[in-house]
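You will see two complexes here that share chain A, one where it goes with chain B and one where it goes with chain C.
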Partner chain A sequence: MESKIKEKFKQLFDEKKIEAAVIFQTGTIPTKNAPNVIFSKDDLETLTWNPLNWNNLANYLPNLLGKKIGIVAKGCDSRSIILLMQEEKVKRDQVYIIGIPCSGMINIKKLEKDFGEEITGLEFNADKIKVKGSSSEKEYNKDDYLFDSCKTCKYPTPVIYDELIGSEIKGYRGENYTEAIEFEKKSVEERRKLMVEELSKCIRCYACRNSCPSCYCQECFVDSNQPKWLEKGQNIDDIFFYHIVRAYHMVGRCVDCGSCQAACPMDINILLLTKKLNKDVRELYKYECGLDENKPPALSTFEINDYNKFIK
Partner chain B sequence: MSEENYEPKILAFLCNWCSYAGADLAGTSRIQYPPNIRVIRVPCSGRINPLYIIKALKDGIDGVLVSGCHPGDCHYQDGNYYARRKFNMIKNLLEYMGIEEGRVHFSWVSASEGGKFAAVVTEVTEAVKKLGPNKMKLFQNT
Partner chain C sequence: MKKATKSDFIKFLKDLSDSYEVIAPQKIADEGIDLSPVTDFNKITFDYVNTERSFKRFIFPQSQELFKFENNKIVAEKIKPKKQVIVGIRNCDINNFKVLDYNFIEKDPVDSLYKDARDNTIFIVGACIKNNSTCFCKTFKINPLGVESGDLSYLFDDESKEFYIKANTEKGTELIKKLKCKAASDFDEKVKKYETNHDNIPDLIEDKDLVEIFSGQLDGDKWETIFQGCVNCGICTFYCPTCYCFDIEEEGKFWKGRRVRNWDSCMFSIYSKETTGHNPRPTNRERYRNRVLHKFYYQLKHNDSYGCVGCGRCISNCPTNIDIRKIIKTFI
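Here is the complex of A and B:
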């Protein structure tokens, strides 16, 4: 897999079809891969492809406007690329997409916790993970460590690509929104209490925003001084405000890649918010983003007969 | 303040062309309605960024009313159709996050509906009164 991707990118660089490539490189520690933008084929040396590649690479595209870019894309990355096309941030002929059918990314934090000591080596094969530490070695089932968003992924095979490396993988067809549906059923007091509990952990590092390809605003509302929407600091009001607005900004724009949650250092269940909105958008407007680059985003269009009963 | 004489503060975003004129008509026709609302006039319901609603709640307002022209009547053709989607989503999200249904209201009120405007304000005021003070501003103490 890796050698095939490298080869393809090398060829694209040589033929001057791309000026930059968005890839994963091996990190400085075995548990982390580094998403990176490279400008020369020499940097392909450390290209890697394994279940640690949870970052959504489409995140790097809006900053590369005007360049011809090669990108490797999992199912979710490919949907984000389409979303960026829908929003006219990326042009189709600007990107060369190498699609990789994705068998799921693993939650390395969970694995680290279970393994107990520092991980010094990782080996992946089809459904097992071999973990090495300085004093022990153990094997785990990959399935037990997949991210929830990967387990319920509907589009593991990229929906758009110029070349597909690997064979197609069928998506999960069950209900993707179980958690949100369960949460909806709780009383309003309980929901408030649980939300406050969960969000109180937030340190407002904004890693969730920074890792999301849909959050490409030049100036995010949290950084704006004029007007100043919210205060700095750990006040729960401000934390709540941030999360409501961030989630709201994802209406009809979230591909459910899980990058935001994977990036969160406090393990906050932020997908609980976006899942709810994805579900509502699907129910009310029969819309899923990132599937058709010629369709307008859900909030940039309307139907005369849209749901109206909530309005007096 | 005791529960009974609690008077909520309610912010109303009214579109210039219909609901604001409707409010005006209610006034000139001397129709009585509760004095709890503070009005902000906006060019169109489509001008309302849901951020305003959340910001108002965060800063301690007890209730919010957003009102525009009836579907089909928007001065800018379709501002309220776009707005309707945004309103629906923010309403769902706020409730999901534990902000009571009944804090945030939406209505279509035309320039000729002074009576409807008064009725809407009365209904909204009652609903917010029932809920008591906005708990979002009390988060700091929870």
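Here is the complex of A and C:
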């Protein structure tokens, strides 16, 4: 698979069809790969494809507007590309998309914790992960370590591409809003308590925001100081405010790729909020984002029979 | 010099908790092992290479109130620092004093909040008997087995399961008297035993002069590619034991509120944004270059110290695998 991707990009570079490529390169430590934008075919050498490629590569596209780009896309990446096309941050003829049907990315932090010592080597087989450390070696089931977003991914095969490498994966594991449903059942106080517990760990590094392709504002509301919307310290109410508003800015715009949560160094369950809102958008507006570039995003349009019970 | 069993040592810490807040490594739910104030002394663990985060936040908190104000007057009294003991610090991390002290104490004006916190803290350093593949402390001539740092330092001998403890400062000498256990004379011998454990830690710079090396490459082609993957989050700088940047803000209404200082990061776009809206570091290229140069050029030039101690945290926590070791190698 890797050699096929490299071949294609090499050809595109040679034919001057692309100026840059957004790819994953082999990381400097066994537990990480490096998402990167490359400008020369020489850098394709270290291109890699394995279950460590959790970053949503569409995240790099808004900054590259105007350039001709090649990009490898998993299912979720491709949906983000569609979203960015709808929002005019990417033009269709600007990107050459190599779609890769995705069998799921693994939650490496969880694996590291369970393994107990530093991981010095990783090997992936179809459904197993072989983990090496300096004093032990162990095999794990890949399924047990998939990200929650991947376990419930509905579109593992890219929905838009110029070329598909690998065979289509259909009807994967289906949708799953168990956590959101549980959350809905709770009282307002219980919900707040749960969120405070999670969010009090937040160090406001904004890796969640910055890893999300849907977050591309020139100036984020948290950074604005004229006007200032919230304080920048460690007060839980301010942290709460950030997370609630970020989630609301994702309404009808979140592809549930899980990048935000995977990037979080404090392992905070931020997907809970976006999952709940995704569910609402689905139920209220019969809309899933990132599937059809010709349809406007849920909250950018109005139809006469739209859900409107909140208007009194 | 003394040697203590684990229970002697824990008992010693427990006794200290009468007059100090004890901060020690503990297993935190899903975060791994990190420093945290102790409520249950049985939860202290010494089985780690380094703590998830450094001790920096206990003497230079992420968000710190400077004072409260009301109707043009400062109303709050000076905030008294806590007396605290931090145990289990690694030698790389405590070498951050070269950076923090220089900026907060050695140069006028003295930052009294930092100085008070530092003066009211007892630092207990634990020598490393293992390391991670991301450790590169030796690059900065820091000895992972360094038992000369901190008020007290110890080496945990894996074989005899004993703590070899010694005092390095006056404070430490007073304190060690309270530790009830045997005296030890074979300290150096024990340290020697673990030296080869660290043969794998690289010295990336050796005797090269980074000021000279970087002064010819302050800009140029190499900077065009290395930052591309970076998403400009705050992880690498917030996790770094030496990063000391902060921003001062007023919270509340203009007639009533408080002034706080919060950690800031040169990786954020807002960091260098000016009142006019102009940003002299408009893209991640300039921001990333600043981080690297501040660590390996500006500080070296002005303070004769690197802005890095080789702890490896920015490497293991970066979501995009930007590896500071690779960056150093690119330029030297």
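Just so we're on the same page, the second predicted complex is superposed on the first by the 307 of 312 C-alpha atoms of A that agree within 3 Å, B and C clash if a C-alpha of one lies under 4 Å from a C-alpha of the other, contacts with A are read in each partner's own complex, and residues count from 1 in each chain.
Throughout what follows, a contact is a pair of C-beta atoms (placed from the backbone, for glycine too) under 8 Å apart; a residue touches a chain by one contact, two chains touch by 3 or more.
Computed from a predicted model, the values in this text were never measured in an experiment.
Engineer: Would you check which partner chain A:V251 touches, where first means chain B only, second means chain C only, and both and neither mean what they say?
Structural biologist: first
Engineer: Kindly classify A:D280 by the partners it touches after superposition: chain B alone (first), chain C alone (second), both, or neither?
Structural biologist: Only chain B is touched by A:D280; chain C is not.
Engineer: Would you check which partner chain A:P265 touches, where first means chain B only, second means chain C only, and both and neither mean what they say?
Structural biologist: Only chain C is touched by A:P265; chain B is not.
Engineer: Considering only the touch criterion stated at the top, classify A:P35 as touching first (chain B), second (chain C), both, or neither.
Structural biologist: After superposing on A, A:P35 lies in contact with chain C but is clear of chain B.
Engineer: Classify the contacts of A:G233 with the two partner chains as first (chain B alone), second (chain C alone), both, or neither.
Structural biologist: Only chain C; A:G233 stays clear of chain B.
Engineer: Look at A:D223 in the shared chain and tell me whether it touches chain B only, chain C only, both, or neither; answer first, second, both or neither.
Structural biologist: second
Engineer: Would you mind listing the overlap between the chain B footprint and the chain C footprint on chain A?
Structural biologist: Shared contact residues on chain A (touching chain B in one complex, chain C in the other): 235.
Engineer: For chain A, which residues are in contact with chain C within the complex?
Structural biologist: Spelled out, the residues of chain A in touch with chain C are 27-29, 32-39, 43, 55, 59-60, 63, 113, 118, 120, 201, 203-207, 209-211, 219, 223, 225, 231-235, 262-263, 265-267.
Engineer: Can you check the complex and tell me which residues of chain A touch chain B?
Structural biologist: Touching chain B from chain A are residues 180, 183-184, 188-196, 221, 229-230, 235-238, 240-241, 243-245, 247-248, 251, 273, 276-277, 280-281, 284-285, 298-300, 302-304, 306-308, 310-312.
Engineer: Show which residues of chain C lie in contact with chain A when the two form their complex.
Structural biologist: Listed in rising order, the residues are 30-32, 49, 62-63, 132-134, 224-225, 228-229, 231-235, 238-239, 247, 249, 251, 260, 262, 265, 268-270, 283, 315-323, 325-326.
Engineer: Hey, which residues of chain B end up touching chain A in the complex?
Structural biologist: 50-51, 54-55, 58, 71-72, 78, 81-82, 84-101, 105-108, 120, 123, 135-137, 139-140, 142
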